[in-house]
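Following this line, the structures themselves.
Below, chain A partners chain B and then partners chain C, in two separate complexes.
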Partner chain A sequence: MSVTTDWQKSAYISSQAADARVNVELETEGMTLNIGPQHPATHGTLRIVVRLDGEQVVWADPVPGYMHRGHEKLCEVRKYPQVNTLVNRIDWLGSFANEVPFILAAEQLMGIEAPPRAQYIRTIFFEMSRIANIALFLGDMGVQLGAITPVFYAFRDREHVLNLIESATGGRFHPNYDRVGGLKEDLPKGWIDEAKDVMNRVRRFCDELEQLLVGNEIFQKRTRGIGVITPAVALDYGLSGANLRASGVDWDLRRDSESPLAWKHADWKVWTHPDGDSFARYWVRLQETREAAIIIDQLLDSLPAGPIMAKVPVKIKVPEGEAYVETENPLGAMGFYLVSKGDLSPFRVKIRTPSFNNISICPWLLKGVFVPDIITILASLYFILGDIDR
Partner chain B sequence: MADETLTADAADAPEEVEVDSARAAVVEALGAQFGDAIVDSHIAKGDLWVRVAPASWAAVVRFCKDVLGFRFFDFLSGLDWLNNPDLSGEKVWDLDAEPTVAEPRILDRGYTGGDTRFQVFCRLINIDTHVGVTLKVDVDEAAPHLDTIVPIFAGADWHERETWEMFGFIFDGHPGLRHLYLPGAFEGFPLRKDFPLLSREIRPWPGLVDKEPMPGENVPESAAEGSLPDGADAALPKDEPKDEPKDEPKDEPKDEPKDEEDSA
Partner chain C sequence: MLAVDFTTYGWVTALKVGVVLGVIPIGSLIFVYVFLFKMMSHMQSRLGPMEAGPHGMLQPVVEAIKFLQKEDIFPARADRLVFGLAPFVVIVSTFLLYLVIPAGPSLIVEDLDTGIFFALAVSSLSVIGVLMAGWASANKFALIGGLRAAGQLIAYELPLILAVIGVVIQAGSLSLQDIVYAQAGGEIFGFGAIGNPFVLTQIVGFVIFLMAAQAELAQTPFDMPVAESELVAGYMTEYSGFRFLFFFIGEFGTAFAFAGIAATLFLGGWYVPGIEGGLADVVGPLALGGKVMFIGFLIFWIRFTYPRFREDQLQRIAWKVLIPISLLNIVVTGVLKVVF
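Showing the complex of A and B:
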């Protein structure tokens, strides 16, 4: 199988052809354009240096690192409960989802498993982080393309989900709610009914955005056929989450990995789209938000009673060993490779963040596109800077 | 109810065996192809580790992708098996004392062992069989060179750049080993264990300075010396322990999380 060489060749040939065409016909001059690090279209401090020939990109080079905080090094001098507060800051829009893979990795090494109620509540908050995170994308994608209204809808309805998270965990953005062996505390009284109302609201929000954006002709013109990623390339670059599924690869860790979390107890669907373009990525995320609301509804109905904390020693010492746990986070597959030497703090933590892989495709993907499409593609790949610069 | 649990158990049990046999088959196929180049392997808890000889690193990765169907590139990074200079994370640094790093200790190197201080590891996933494999390879400390796998997985580009700047491993044949996160003039390799985390070395861990005894716990001598009495009067002498951190003996670790750096 020589997929890699094939597409590399074709990409090379097409970029050469594009250069030649622009040069001969328009006699344009090359120009280096610097986008960012402060640019509204880059969700943070991602800088992209593009070499242009006329309106067309010859090569593009993303420059991350303006926000690198050295999480992997810091994890080595923090104890396990302290690392939990640290990983909250990686993908700050869906913070709770960051805690889960780390806690699961520690639990796997310690050989303990949280009780079923805790697993259900974890899953519920995991999916709520997904809604809180992706809802912003759904509105923000409109802003990037010139439609201002959707983002106000997104902020309005995301607020309800954040309020839910806050009322149960005490933290709006950084809940720090997950513990090795269970959860910090149980759900407050009346929370379940409120959560159901909010889930209805989320579904209404998805319907609204579908009417507002997805059917919009300008939106379709700007996104359809822009930034097409084929499945083989997506797998080569380790794209994950909606970016991978929008390329037609049916891969979702919630369904396809053996996770102790409660997704297996709900009836839901993994959405894929065959096109692999920016529109497909938007569409898949929209469906995923709906699906998250469906999962939460079902889990709220079947929430088992019982304790929320397993028996865990006061001092959390993780036995020697290695574990890799990956979960399907809002942005894609997020994994923690945990190496323990039996101490109070991890020996080494490798944090596999989805946005890092998702953005590393940019040099390939942006080659040959026009300048306005850079914005579309970046918006549709959807990254959080803290998730790249961890 | 009893029937339900029985059937659930019966359904679970063969599946687990099947997955493990799938992983064993991967090891077998690799062994048949590469022989001694597959140094060690380990299957545990539904996961698979394989250690590869450095000379056939790229060949093994290509075989995994093209023949064994591990088409999803997850990540690549490095490991430094040198012992942590400060295991508890709460050591008070005595600047006048002789450096204790003089006797570096290497504990055992994880599940698949190793001969060198450094290792590179890489995770690939077969999305058809849902099997993931962690490939490990030794990297020589004196000449940390390794073949690049960018021609096989284009996504390894950034991962190898990151590993290069964080660990100092040189990936031969990489299209452009440039800094990714760090500024160009940065010296040293931050994720190596002998790279000091200065913020922790020049200032004692906050858990030591303002430590309070747990309820019912006897006040340890060290805490009585180092910590300050409660109340507003404590404001003035608060800097005292920071000035002379060496006088404060090492304390037993404390469990409460203290997140000092808040990035977002």
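Showing the complex of A and C:
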């Protein structure tokens, strides 16, 4: 007589089948997590698909494009002054810095140069947009790591910089202040003294953050050794800006390129950090904010008198030719490749934005890290969505 | 006869239930207003809510009403029963915590002989609710959050209990009421005017208790389960309406209760020197309230200042730092207890 009955056999088989089903359903070998497009850490609509094993990343893939606005194509159907308004919207936190490379490219083709006073004021606003942009990063990094207070200090002190920009240009976020051949208008009365006060404030803000975050043991534990980029890899992926300098590559277009802007008249320093980790990126940006305040202070002191506009025709027609101008924007090297056929609007504009290159390192960088470190690394790479997708 | 005997079992029970049901929402509303709305705002150089009531005092009530009006959403793939029950499990654990905290000589819902043991035991019940929420939401962020919460609460339960053992050894009792009396009757080298709050002798235990409570409550720097920059809102991601409100009240109500337990264990509880008998029942709750607010201030001060740890760093702190130190604390306390 058999020990096992048919009923027991079928029960055994069905229990085995149920186990197999559970194993398939639980998908124990990994899980795909969609970070974004709607996610608090991506401050915009960046989507990152990560494959997880437990909390460890197996592979990661950034999917940009949710915010593509077709800037390059739009530039072809706008006149030159209109393009200026358009490119303001690329990196929206440091808008003025976007205008400069485009205007410089147009000026280069037309063979005109803005007067020295205009170049000085351009540089001052360029550095102000750097402060306005990076101050937010300095606070936001805290939020990404769970410290909610620093970002409010960042917003508070950034507000004063924005007020300065507004009082001179009329626009807080999108100044649209640069013109081919000069500037829209001169600085208002009393602006220089006010600007100096604000620069002191910015330096105090940097000190405050140094005490609140940089010296914090938890902050260091979360950022040191996380997302290390070696100099060679950084160069291979075309990183630029603070991300590159944090890897120890001493390269800054403000110093290393022949720019008509006034950086060469100020005495300042390019900061680098040998580590290449998230902490280094934060630290370099913090020093850069200070350095920007120093540059502005010096340029305000030595601001030359004179006109702010060169002689330009009323209708701006750029002669036929090609020009590529790159500047060291808050996020990194931003370049405009301008092709003109002698019309009122450009024939073709190619925009090289720093954030796009900076996030292209993600698949390499995010491999093997933990989920919380994804956020640390993304925050420390610092991208603006408009700058990625444009 | 119209006279009602309020000392009968039924009336006393009804009164106690009313007190517990009232204290939790009021306690969490006070914490939300004082700390989350006002203290945080002022620390961050802003004003916070100012419109509803004087200095925005009615804002928490407004928020509660807002949550009640919202739609009670169930995700399509959620396990409806478990998803619906999870907030109740969490809030029941909060309710049970209040049963054993004394606010005066006779102001205690149930003076259990194993009071502190009971409190720490029921506080762990919320893990089940959190896990249920994380699992039933059918959301990956919620699942990761729920599992993180479970791992964290289990890790920090141990230092929490071990930190309390020093107090229990010194007081010689598990009952919270007896611990208050032990502190009231204690002497500091023969000086007994203010009793002997155990924070003086158990300062190590006090610090460990606060750290572990911070982790129990999932407050920064231990807020990985709800890390909003990583996991959106962790296990609460899919909740809305009154179920979210329950989680919220549970969080702040538990913070209130833990502050009360810490005040009772380490700061002398309701006891005010020189006040005895019936008067202590009036002054006691006020004294306890003041101490609760002080502990709450510490908890939220840390919360608004620090960044959060990573999950593995958090586990390392619990197992490699807090537990050995609290074990050492127990040994030292035991030796000194025998010596003195």
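In this text, the second predicted complex is superposed on the first by the 362 of 390 C-alpha atoms of A that agree within 3 Å, B and C clash if a C-alpha of one lies under 4 Å from a C-alpha of the other, contacts with A are read in each partner's own complex, and residues count from 1 in each chain.
Criterion: a residue touches a chain if its C-beta (ideal position, glycine included) is under 8 Å from a C-beta of that chain, and two chains touch if they have at least 3 such contacts.
Bear in mind that the values here come from a model prediction, so they are computed numbers and not experimental data.
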> After superposition on the shared chain, which partner residues are touched by A:I192: those of chain B (first), chain C (second), both, or neither?
Replying inline: neither
> Between chain B (first) and chain C (second), which, if any, makes contact with A:N216: first, second, both or neither?
Replying inline: second
>> For A:K315 in the superposed arrangement: first (chain B), second (chain C), both or neither?
In response: first
>> Looking at A:V371 after the superposition, I want to know if it touches chain B, chain C, both of them or none. Which is it: first, second, both, neither?
In response: second
>> One more residue to check, A:F173. First (chain B), second (chain C), both or neither?
In response: first
>> Per the definitions at the top, what is the overlap between the chain A residues touching chain B and those touching chain C?
In response: none
>> Quick check on the complex: what are the chain B residues that touch chain A?
In response: 45-47, 49, 65-66, 71-75, 77, 79-80, 84, 86-89, 107, 110-111, 121, 123, 127, 130, 132, 134, 151-155, 157-159, 166, 179-183, 190-191, 195, 197, 200, 253, 255-259, 261-264
> What residues on chain A touch chain B, complex-wise?
Replying inline: 1, 4-5, 8, 64-65, 67-70, 72-74, 76-79, 81-82, 84-86, 89, 92, 108, 173-174, 176, 232-233, 235-239, 249, 251, 256-258, 314-316, 321-324, 326, 333, 335, 337, 339, 341, 343-345, 347-348, 350, 352, 356-357, 360-361, 363-364, 386, 389
> Any idea which chain C residues touch chain A in the complex?
Replying inline: 40, 43-46, 140-141, 144, 220-221, 223-224, 227-232, 304-313
> Which part of chain A faces chain C closely enough to touch in the complex?
Replying inline: 31, 33, 39-41, 55, 142-149, 152-153, 156, 212-213, 216, 218-219, 221-222, 370-375, 379
